[in-house]
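Structures are listed in the sections that come next.
In the two complexes that follow, subunit A is the common piece, with subunit B as its partner first and subunit C second.
Moving on to the complex of A and B:
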C-alpha cells in the first residue's frame, strides 16, 4: 500500500508547483494596489474586491457571464438529453461511430470554430444570404456580436461534454427498469420522469457542472462572436492583465470568477444531492 | 384474471425466425411454463405477451380481447423479471406502489394495498428499505408483490428463480406456486431449468428453434416424450439410436439387443430408444438382463450415478445410494454388472421431430 501511494507523488508535485503555487501568488497580487504610473504597488488591501463587487461595470460583467453560463447549461441539458439517451441505448457497431461523431466538434480548436461561425452569422454570411434569397427575411438578421451568437457558439462546444457524460450514466440504467415501469402502467413520458430522469441524475449533475464551468470560463467564443461591446469574465481578466496592465484587478477578477464558479457548483451539487439522495 | 390465447404468433428478426406460428391457450388460473434452451424463442414469446415486442404476425388475446396492438403499459400484465428490475431509487413500498400510482389511486388506498401486498410476501417490516439493502430473496418477493398488487390480468414470470441460491430456490418455488394457486393466477413462466418447470407448472411447453416440440403435463412429457429432444430436455435420459426388431426387442445401431414393450412406439418410424436412468435396476455380477461393465460411480448424496458400458453403448443408471453392506455399495469400476428394466419403461421416439 505504501509503495502504491508513492505513485501519485509526481502528479501531486506537478499540480502543487503549477497550479496551487501560482494561485497563491495570484491571490497575493490581488491584494496589491494599482497605480497608473507605477502599475503594481505592494499593499495588503481588499480594495480591489470591493471595487469589483460594487462597480457597475464589473457587476455587469459578472452578471452577464453568470446569466450566459446558466442559460447555456440549461439549454445544453435540454438539447443533450435526448441525444444522450439514444447514445446510451444503442447497441451494435454504430455506437462507436456515434461517439466519434459526438466528439467531432471538439477536434476543431475554439478559434477556428468561431471563425467558422463568423462566416455563417455575419451580415453577408451564409445564413443571412440564404434566408434573404429564399425571401424569408427582407433585412439581414443581426446575429454576429450579440449574446445570441455567443450562446450558439458556446453550446456547440459544450454539447458533446454533456451528451457523453449523461450517456455513460444512461448506459448503466438497466433496460429492464423501463420495461418494468411500462409493465406497471407507466406511459413513455412517465417512465422518463419517474425512472430515467431520477436514475440519470448523477450524470445530469456531473454534466451540468462540467458545462457550467466551461461556460463561465469561455474566452475565444466570447471575444470572437460577442465583439468588443460584449464582455464576459475570462476576456475581462485578460484585458486587465494585458491591455490595462492592471495585475491586481486582473487577479481579483480571476478570483471572483473562480469564487462564483465554485459557489454555484457547490450549491448546485448539494441541492441536487439532496433532491436525488438515493440515486 | 383472464384466459391467455396466442394464435399463430410469430416473430422474425430480419431473416431469423425467433418464434414460429405458436398456438397456445392458458386457462384461467393455470400455470404454463415455456421450457427450452436459450434462443428457443421462449423469452421472445413472453415479451410479446407483455407487449414489449410487437409480433410479426399472429394475435395475443386476453379472454376474447385482442391486445396484439396494445402498448405494454395498457395491458395490465404483472411481470416478475429475471433481474427483478426493482427501481433502485425507490423503497420497497414505493416499488410496490408504483403500479397503483400509475393507476391514479389515492394515497390512502395505495397505502392499504401496499401493506396488504407486502404482507402477502411476508415483508411488511422491510417496507422502507431500498432494494440494495435487501437480500436477493427479499428483492424477489418485493418484485412479486409489485407485480401482484395491480391485480394483473396475466401473471408473467421470467426465469424467476435463476438468481437465487439452490436452497432458497426450492423454498421460493413452493411459495410462488402456492400463491399462484391460492390467487388463481393465469401464469406464463419462462425457464430453462427443467426442475423448476416440472415442479411448478400445470402444463409444460417444450420449445426449440422457435417451434413447439410438445405441450403436456409434466408427467406426460417426462414419461411419454414425443421425440428425443423432449426426452432429453425434461430430464436425464439414455438415448440410443437404432430400430425396432420385433414385438419385444430393439436393436441399436451398434448391434445391441434391448427389451421393449410392443406399445412403446411414439410414432411409426421411431429410431431412438429412450430410457430414464432411474428406471434401470442395477445388479452386481449376475447373468440376467443386459450385461455391462461399470465405468464410473458418482456419489450424489441421496442417489448414486453409475455409468455402464454395454457393448459399444454407454448407459447411465441412477439408484438410491446403497447403505453399507448392500451389494451395490461394494461396486467399483471395471466390475461386471447386469441391467434390468420393466419392459414398459423404455420409449421408442424419433431422433428429430418433423
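Moving on to the complex of A and C:
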C-alpha cells in the first residue's frame, strides 16, 4: 500500500505552497525595515517587534484586543453553558433541528450579522425606538461605534462555537451520575457545581481557548460596529498593508497574532487530547 | 426530562432558562433583523416601518458591485470546492487507510489552515502574490485564480476533517467480503468504499462551499477592482451606510446558506458531522 501515501502529496503541496511558504515569507519580511520613501529596505532586525511592544500606539491595540477577547470569552462562557447543557441533553427528534439552528447563524458570515446589529443599534434602530416608546430613555442611546456594540457583536459570533463545543462533552456525561447525586440528596445547584461542571471542564477549557482565539482575530465586527477609531489587532494588520503600505510592520503584527493564536491552539490540543475544534 | 438539573421550580431553573433564551436571542437577533429590514419601504431604516416593499431585491442587483460580487463569490466557492474536496478526500483516504508512518502528524498538518487566523493567512498570501506578480510579470492578486488558490486552504482542512471522521466510522467487513468474493481493489473502492464515504464527502463539499462563499478575512487583501467577493463588497458598502438594499443582499446570502444546509441535511445528518 505504498501508493496510498502518494494520495496525500497534492494536499500537502498545496498547504506548503499557500500557507507554510507565505508564513515563512511573512516572518522574513517582519525583520525588514520600513522606509517612507522606498517602502521596504532589506534588513535583519527585531526593531519592528520592539516597536510593537513598546510604542504606545501598538501597545494600546494589543492590550485592548486581549482585554476584549478575555472579557468576551468569560461572558460567552456564562451565556453558553446553560444552552450547551440543554443541547447536550435533548434526546428527541428536535436534537438535530436544535444543532442545525445553532450552526446556521455561524455559517451566514460575520458581515451579515454585523449588518443586523447595525440595524438594531442605530439611532433609529429597534433597540432605541423600543426604549424611547417605553419611556425608559428620553434621548436615543449611542450604541453604535462603542466597545459595547463590538462586545455584543463578538459574543453573537462566538456563542455557537462555545455552545457546540461544550454540548459535545455534556452529551458524553452519563445522566446516571446526576441522578445518583440527586438521589443522595444533592440540590440542583450542588449537582451542577460538584458533578456537571467538573466533568464538563475539558469542554469548557477547549471552548474557551477556541473562543478566545476567535475573539482576538475579530475583523468585520470590530470594523463595522466599532467604527474607524476602534482598534483591534486584525484591523490594524489590514491597515498596515492597505493604508500604510508598511509591509514590515504589517507582517510583524500578523506574526504576533499568529504566534499567540498558535500558542493557545497547541496548548489546547496538547492539554486536551480530544479534538474539540468543532464547527 | 430536558431539565433534569432543575426539575423543581427554583431560582436556578428560572435563571437557566433565561440564560438559554438570552443566548439564542443574541445568536438570532442580527440574522432575523437583517431579513426583516430588507422588506422596509423607506431607505432610511427606522422603526416601525411606514410600509413594506420588495423593491430592494430588484434594486440590489442593479448595483454592479453586488451582482458581480455574488457571481465572483459563487464562482470562487464552486471552483475552490471542486479542487479542494477531491484533493482533501484523497488525503483523508490515505490518512485513514494507508500504512505509512507519520499519518497523525500529516493529519494535524492538513488541519493547520483552520488554526491560522484568516487575516494572517491573507496577509501572507498578499505579499506572496505581489512578489510573484513582479517575478512572473502577470496578475495574481485580484484574479479568480488567486482567490480560488487561497480558498482551497479552506476546503482542504474541512474535507480532511469531515472525510476522516466518516471513514473512521466505516465497517470494513463489507469491503473484505467484496474482496473475498473476487472483486478487484478498484471495484471494491468504486462499489463499496466510495458509496459509504458519500455522506462525509457531501458534508465536506457543503462546508467548503459555504466557508469560501462567506469568507472575508482571508479574501479581503486578495481582491481588487473588478474581482471583489460578495462579503468584501458588503463590508465596503456597510462602512458608509446600512440600508434595505444591503439587507436584501444579505438575505439572499442567508437564504442560499440555509438552502444548502437543508439539502445537505437530506444526505447526511448535520448534527452528527459537526
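Assume the second predicted complex is superposed on the first by the 246 of 279 C-alpha atoms of A that agree within 3 Å, B and C clash if a C-alpha of one lies under 4 Å from a C-alpha of the other, contacts with A are read in each partner's own complex, and residues count from 1 in each chain.
Note that in this section a residue touches a chain if its C-beta (ideal position, glycine included) is under 8 Å from a C-beta of that chain, and two chains touch if they have at least 3 such contacts.
What you see is a predicted model; the values in this text were computed from it and never measured.
Chemist: So in the superposed three-chain picture, is A:190 touching just subunit B, just subunit C, both, or none of them (first/second/both/neither)?
Modeler: first
Chemist: Contacts for A:198 in the overlay, against subunit B (first) and subunit C (second): which applies, first, second, both or neither?
Modeler: Once the two structures are laid over each other on A, A:198 reaches subunit B alone.
Chemist: Regarding the shared-chain residue A:64, is it in contact with subunit B (first), subunit C (second), both, or neither?
Modeler: The answer is neither, since A:64 touches no partner chain.
Chemist: Could you tell me if A:89 is touching subunit B, subunit C, both of them or neither one (first, second, both, neither)?
Modeler: After superposing on A, A:89 lies in contact with subunit C but is clear of subunit B.
Chemist: After lining up the shared chain so the two structures overlap, which partner does A:179 touch, if you call subunit B first and subunit C second: first, second, both or neither?
Modeler: In the superposition, A:179 touches subunit B and subunit C alike.
Chemist: Just to be sure I read the superposition right, which of the two partners does A:160 touch: subunit B = first, subunit C = second, or both, or neither?
Modeler: The second partner, subunit C, only.
Chemist: Determine, under the contact definition given at the top, whether A:208 touches first (subunit B), second (subunit C), both, or neither.
Modeler: The answer is neither, since A:208 touches no partner chain.
Chemist: Between subunit B (first) and subunit C (second), which, if any, makes contact with A:73: first, second, both or neither?
Modeler: neither
Chemist: Counting residues of subunit A in contact, which comes out ahead: subunit B or subunit C?
Modeler: With both complexes superposed on chain A, more residues of subunit A are touched by C.
Chemist: For A:242, is the partner it touches subunit B (first), subunit C (second), both, or none of the two (neither)?
Modeler: second
Chemist: Which subunit A residues contact subunit B in one complex and subunit C in the other?
Modeler: Common to the two interfaces on subunit A: residues 179, 182, 278-279.
Chemist: Spell out the part of subunit B that touches subunit A in their complex, as residue ranges.
Modeler: Listed in rising order, the residues of subunit B that touch subunit A are 50-52, 71-79, 81, 83, 85-90, 98-99, 102-103, 130, 146-147, 150.
Chemist: Residue numbers of subunit C touching subunit A in their complex, please.
Modeler: My answer: residues 1-8, 10, 12-13, 16-17, 19-20, 22-24, 26-34, 37, 44-48, 87-88, 90-91, 93-95, 97-100, 106, 109-121, 123-128, 131, 149-150, 152-153, 156, 160, 207, 210, 213-217, 220-221, 231, 234-235, 238-239, 242, 246-247, 250, 253-254, 257-258, 261, 265, 269-271, 274.
Chemist: Which residues of subunit A touch subunit C once you look at their complex with the stated criterion?
Modeler: Residues 1-2, 4-8, 10-12, 14-15, 18-19, 21-23, 25-26, 29, 78-83, 85-86, 89-91, 95-96, 99-105, 107-120, 122, 124-126, 129-130, 152-153, 155-156, 159-160, 163-164, 175, 178-179, 182, 188-189, 191-192, 196, 213, 216-217, 219-220, 223-224, 234, 237-238, 241-242, 247, 250-251, 254-255, 257-258, 261-262, 265, 277-279.
Chemist: Once bound in the complex, which stretches of subunit A touch subunit B?
Modeler: Residue list for subunit A touching subunit B: 174, 176-177, 179-187, 190, 194-195, 198-199, 276, 278-279.
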